[in-house]
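In the two complexes below, subunit A is the common chain; its partner is subunit B in one and subunit C in the other.
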Partner chain A sequence: MSQEEISLSPSHHRFQKRGFSCEKAIKYFFASNAGLTIVILVLITIFLLKEGLGFFPGYQRELEVYRIAGLEFVDISRKNLTAQEQLTSVLNRAYYAEINGQAAREMKRSKEASALFNAYSEQTGPTRDLVVNNSQAASDPKSEMLAILKTNFEKQKVKALASLPATPHLEKNERADLIESIRTRAVDSTEDPPLVAALAAELAAAQEKYAVPLQGMRATIDSFSSAGSELSSLVSEMTESVTATKEKIQGADILEKDRKTLLAAAASAKDLAEREKLTSEATASLAEKPDVEGPIQRLMERRADCVKAHQALQKTTGGILAQLPENLRQPDARRLLKVARATWPLFIADLEKTPAAIHAWKYDAPVPLTAAISSFLTGKDWVTGGEWQDFYGILPLAAGSLMIALVALIIAIPSGIGAAVYVNQFASPREQGIIKPVIEFIQAIPSVVLGFIGILVFGTLLRDISTWDSLQWIPGFPIEERLNIFTAGCLLALMSIPTIFSLSEDAINNVPSAYAEASEALGASRFQTTFRVVVPAAFSGVLAAVLLGLGRVIGETMVVLLVAGNRIKIPDFSSGLSTFFQPCHTLTGIIAQELGEVPLGSVHYRALFVVGILLFAIVLAINATAHHFVNKMKH
Partner chain B sequence: MFDPKKLIRKGLPKGHFKDAAVRSLLAGVTYLVVIIAALLFGKIIVDGAPVLFKAEAPFVDFEFLTAKNETLHVFDDALGNRHQLPAAAYSAYLDKHPGEGIFNEQTFSYSGGGIAGPIVGTALLTIGSMILALFFGICAAIYLSEYAKQSPFIHAVRLAILNLAGIPSIVFGLFGFSVFVLAVPIITSTPADRSLLTFPLFFGNYFVSFQGWNSSLMAGCATLACMILPVIITASEESLRAVPQGFRDASLAMGATRWQTIRKCVLPFSLPGILTSSLLAITRVAGETAPIMFTAAVAAKDDLPWQGLKSPFDLLSSQVQALPYHIYTLAARIPSSEYTQRAQYGSVFVFLVLVAFLSAGSMILRSKLRAKLKW
Partner chain C sequence: MTSAIQIQNVSFAYNTKQVLHDVSMDIPAHQITAFIGPSGCGKSTLLRCFNRINDRIPGARITAGSIKVHDIDINRSDIDLQELRRQIGMVFQKYNPFAKSIYENVAFSLRVAGQNKRATLDEIVENALKSAALWDEVKDRLHASAFGLSGGQQQRLCIARAIANQPEILLMDEPCAALDPLATLKIEELLMELKKKYTIVIVTHNMAQATRCSDKTAFMYLGKLIEFGPTMQLFENPKDPQTEAYVTGTFG
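Take a look at the complex of A and B:
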């Protein structure tokens, strides 16, 4: 209509007021409000970039200091040392898995008995302490009080004995005996009940028995573990000296920055005297150039020692693998041994390369800006606030976000789309009246409430379920951490189901009814119509729904912050499907967790903004693709 | 030769069992989602309702809603009786029973008293941000539906709305922190060092300093308003467009100006729809945690927002407690034990009831509106 009006009236109609009018002012007022959205989007972009872009030069300088001070040199050796320690730990775990796997029955029985006793002690402990403390100072006026305390204790005891945990692996009479021994136990007794002690002894005996055939393995592991001691002492020695150098350089950097601020203030000062004063202050604070050469030269002299230590380690390591037992009985132990065998050649290859790397290392090689960028994008460590060196590598966070999104989508796509198809094609109006509001209400639940449910209800439930004997065939059960990728993924699935459901339902609803009618007229059954005509016709809309659901999952903060477990480490993919039961950290979670604690303007602070920029870009790209599919459907 | 009876298939149609299986699978998936949701709420209601309700009249424990949030002290007295007292009552107890021993003392942060502070804080944040977002959002929607023609500007606005709607809430938190907390202008007599730009005013000893509003109610409201703006604009535009074109044509034909038409013939008919859909926006604003974490919320605060103020402006420039942030604190920072359950489940229950009321209200109003408004 507005188009017509314009076309009818010539640009200078004689009734039309020229110039500025009230009507025009109103129009421009509304237009400016609409423009506000553009302003906000631009402001978001500008301020994210403003705070974020300073990160790369700052990180470049940090990496430069890392190199000049010689930390990088020490890290060459340290990396091998850590790898050796990790391998030792894997072997140790395999060793204990083998023993404990064979002694599984004794282990469970002992654990259950002590769990039962601990549950009792936890409940009655405080009151018991009161009774014991007061009876030691057995003065007369307190005797009345002591009696009251004792009755309290008895009451507590009865209550505690009524609510003991289950013990599926103890015989009935054993359990009864244990409870009886707890009931008749003296108040001030500090010994464990006989059954607990007996089962512990039984376990120890079993472990000893099963350890006998593995003595060779034990000796091998010990010799491997001690092979690194020379390198270890060398590394800790060098660590001290390079940390001191680094501190000096950083101190000089701060002084230099202060000097620049003072000079800038001097340049803008109006008063001549003021200017003189500031300039003299600036010259006074001129930092001495820290002595880098001396320590670095001393470090370089240690190169031969380093190489020697590495060669010694390599020599021992090469023989270890042959001495390990061919195979172990327990599946867990077998898996761990396999992991060790698989990583062994890599470790040896690393050791072989190390002497060359040590000699090739140069403390004055320049660190280009691209090194900072690539170290951010492909870095495997996100280490902050440490004394050694801060690293800002995005990979662990991105991996966590992706794994969680994967779990969430695997659950949410079938259930969301399935529910949409069912509600739209098969459900009666009455069913629709129940299902739709419930799913709409799930959408309205604040994410922090879902996180709360995850941390207090769902996580604990999952851990309890994972200890059931009948579910032990699932990889990763029993789970070690109750907050992990899977828990977070389940809750995020619940969050994204409404998005996927309502958008897919819209898409299916928007398929012209002529399609379905034509299909039925041709004699297709209801199911053929639904799955061969209607759903394929709505495909791009459903795809858009899935993408928007993905955008929501990636951008969600509170649930992952509360439930993902917040361990900054790339999940250990070597453990197969049980990778999904490891804790992780996410892109969104790291911002929420660390922004409150970092100093303004520091490199760490800026790193968080770069993570924000990345997140912004990812989600915008996902949404743009989704809208592309929506538009495709419209045409 | 040709026997028409052969064409009529007897018994169940081919593939009946397969179809029935697929159908029941779909139904199973759907009801599984519904049942899981119901179970989760059931758990919250079973654990949370006892905190808020009690057996005798008036059946609602108003103390939980009206008391301040405090630290909870749990201890035994000399007789072995267990006491659970919030901080104020605890110090009163100590004054009343001097010299008596206290044993097994444990303290639980944020778990004593009630949740008056978080409720009031969330209400203030919601009201403030909804006022801002409704004003700017409705104005923008009026432009989009009443004035706009195809132009690059409109195209850009629509693109901006679409993109704003997809930005993760934590990015809004970063944006609010870097803009409203650290960069927006403020009039002050003592500009801070980190100010981006400072210039003096003509009167008094005041400066306009671009140093931000610090973490405050204002900053939080502004951040939330930016976040919810695209939702409000989209919903308002839809309601405005639902008013029949004939209304406008008739009004313009009678000689009314465009603004008169909007004010008398469009807005009154679309306002119910706008307000209904903004109820849903309220649930989103009230529930968001990430944007207010760094811009407005504080975990512990002794006074309620209006206490200890020198001027009304102080209310806007002070931090507030907020219910979602309080729940986050309770879930993440304190260990779960039998003494903290009251605070934890109680807060979540109150919050969930609030959200349920708002979204149910929105759903009911919407269906009524649809039944009523049929032009």
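Take a look at the complex of A and C:
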């Protein structure tokens, strides 16, 4: 029988399927569910791209205005001024580090004494205020109340005195005297206890004493600090005029946009009268072209002044370095001075280049789209909502995310993989039954709860520990900020350990037992078998586990938002390992923090979308790489 | 004829499941001894007792009797297992080279024993690969992955790996089960060479293989040793009716 005959045969042959079966319906139901997820993913991607890609032209226009209005010109000078201020601050910090380092003993004693007194005052403050405020009244019912208040205060006092902070640097009798003086002190006294005052005076005297040999340094710093005053006043003067120009241009931009909307509405309006009305409205709102030429020309006339101010600054600055003391005693001060010396040549070089840059600057040079893109990808500033100029540079955010991920992985990789190896290779079934669920349970902790614990418990604990004398050799201790890269990294490590642990354990478990058997049959010990045969064979699976852990760390938002400290600044890498104790902001955190507050459709709003796209791409790439390794493991 | 392994009244159990019942025999040195019998008769379990690789399985234990190598009961608790396994090598049913280079696979047993001298390793690896008749095929790619070899080559690599630290006894658990006839032939030729230096115990399902290679054959059934004797005698003139039934193909 030929093909054609089959298809033409009567439809009642018993081999032939008929109707729409239930199985088919179920199949289509499942297929539509699968299809729906794909459609949603595509829609999300399209939405992200649509909202995000508009960012670059918008940012390009902002940068164009930044140039035309002359803000860019002012920033040439301002940059040097900022650098000078920062250098001054570094020198000042070195100066105070030197003095306070030598007066460390006095400082600790004074701090401890006042901390003790403050702890007492905080606890007894409210009841004490009540006593003092009511003691004026003399009438009977009042005096009865006063008596009650007084007993209350005395009770509080006893309680407070029982729980005072430790004072390791005060002599025993000094502490006893201090407590005694607090106990016997008049209710309404506003003076500090004698020991607190004495120690404060002692500290001041010590600081004064140690400042004497540093008088030269003080004078040098002061002269350096005042060298920028001419430039500073010039900059603030120019700032006013360029800001005004910028506002004018932006106003005109908005009017122009409105006009275009009206015209578009007119073009699509149906009846003639409506169209005429809209068109005339559009014509009426036609903005006057703002006068850009006038202000910018006046600005260009200041070029000579700018150059002069720079030369004055340069002249003073040139000699400063030689006048700074060669050797300071305190390591902190020495380090800061070294930082200043290292950045000095850069600062001088910038100053030297500036006059040429001032003359070469052109207000009408075009801003290409690539400038907007590169300014986004390599910009060192993320400044939004400022009065001066918004910049959307992701480097500080990317640096923050990377630093946190680095800390998290440094902690999570050894512990996650280590736990996996132990559980799979060495643990007894009983231990396995305890360890596995417990580690996997960590995953069940909501990240906001973890962040909460991070702020209140872990951050505080870490800061307190960092003040221990025995730990001062650790760089960055005592830590200045309770919320920093390290705290966030630790918590993210905790979050990624279950991922790394479970997947590594799977990978190790998937290594054929024939390998381990062969290895033991060749005379290898359990330990050698584990580390020379089993773990290497699981390598790609373990690598995939680490990558998926990394994906989780990069994408995590809540914890970093709560715990990372949210300072938008590239961490100061010159401070070595203590960089890890600086606060930072992240790619994920910035979206969560700012998206709720930005005007819909603004450049800032779109910038956040581009950050989102970037994150999406990074995590996608990480996961794709991880899957590549998983497949490799399966051969 | 000296015996390499003396098995005396051995019984063996996985948890409560008894798999070997009162097995006794002497495995002769420098000969090939084959264990035959239907699946689940306990021949692999017995073989795996010789290097105590069964210790890896929780609940597996010898319930009675003793296995002696050099007149020492290897089931004593003070036996150095690593040293024992260096003396008694093993080749498994499914070839299982490590995910390492050919060279490192052969050098593995020496490295875990603490030998790291390059010159010594080079020499031993070369000798082992030559003994396993693999040297000519791999000498130009010693540092390539072992997974690039064919199945038969991989199994010969496993043999080279097992003889690298010069064991006295070589245990082979159905070494040709996963190989095609040509590769099987090569391994059998190799066995003839190896028996000059090593005592070989081989478990096989292939009775033709047992007749071709072995000097003595043991027939096991339901965890018991039914008959043990010179191969020719066992196949041509079996004493036990069960053996006869099995070798003539009436059952099994």
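Keep in mind that, in the parts below, the second predicted complex is superposed on the first by the 601 of 635 C-alpha atoms of A that agree within 3 Å, B and C clash if a C-alpha of one lies under 4 Å from a C-alpha of the other, contacts with A are read in each partner's own complex, and residues count from 1 in each chain.
Quick note on the criterion: a residue touches a chain if its C-beta (ideal position, glycine included) is under 8 Å from a C-beta of that chain, and two chains touch if they have at least 3 such contacts.
On a predicted model such as this, the values are computed, not experimentally measured, just so you know.
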Subunit B versus subunit C as contact partner of A:Leu43, first or second or both or neither: first
Subunit B versus subunit C as contact partner of A:Ile497, first or second or both or neither: first
Per-residue contact with subunit A, leading partner among subunit C and subunit B: B
Contacts of A:Glu191 with subunit B and subunit C, given as first, second, both or neither: neither
Contacts of A:Tyr515 with subunit B and subunit C, given as first, second, both or neither: second
Contacts of A:Ala537 with subunit B and subunit C, given as first, second, both or neither: second
Partner chain(s) touched by A:Ala419 [first = subunit B, second = subunit C, both, neither]: first
Subunit B versus subunit C as contact partner of A:Ser525, first or second or both or neither: both
Residues on subunit A lying within both footprints (that of subunit B and that of subunit C): 525
In the complex, subunit A residues that touch subunit C: 512, 514-525, 528, 532-533, 536-537
In the complex with subunit A, residue positions of subunit B that touch it: 13, 15, 18-19, 22-23, 25-27, 29-34, 36-38, 40, 43-44, 76, 78-80, 103-104, 136, 139-140, 142-144, 146-149, 153-154, 156-157, 160-164, 166-175, 177-179, 182-183, 194, 226, 229-230, 233, 245, 248-249, 257-259, 280, 283-284, 286-290, 293-294, 324-325, 327-328, 330-332, 336, 344, 348, 351-352, 355-356, 358-360, 363
Parts of subunit C lying in touch with subunit A, wherever the complex brings them together: 51, 53, 56, 82-83, 85-86, 89-90, 92, 94, 96, 98-100, 108-109, 111-113, 158, 161-162, 165
Complex contact set, residues of subunit A against subunit B: 1-3, 6, 22-23, 26-27, 29-31, 33-38, 40-41, 43-44, 47-48, 50-51, 126-127, 129-130, 145, 148-149, 152-153, 414-415, 418-419, 421-423, 426-427, 434-435, 437-442, 444-449, 451-453, 455-457, 494, 497, 525-527, 548, 551, 554-558, 561-562, 588, 591-592, 595-596, 600, 608-609, 612, 615-616, 619-620, 622-623, 627
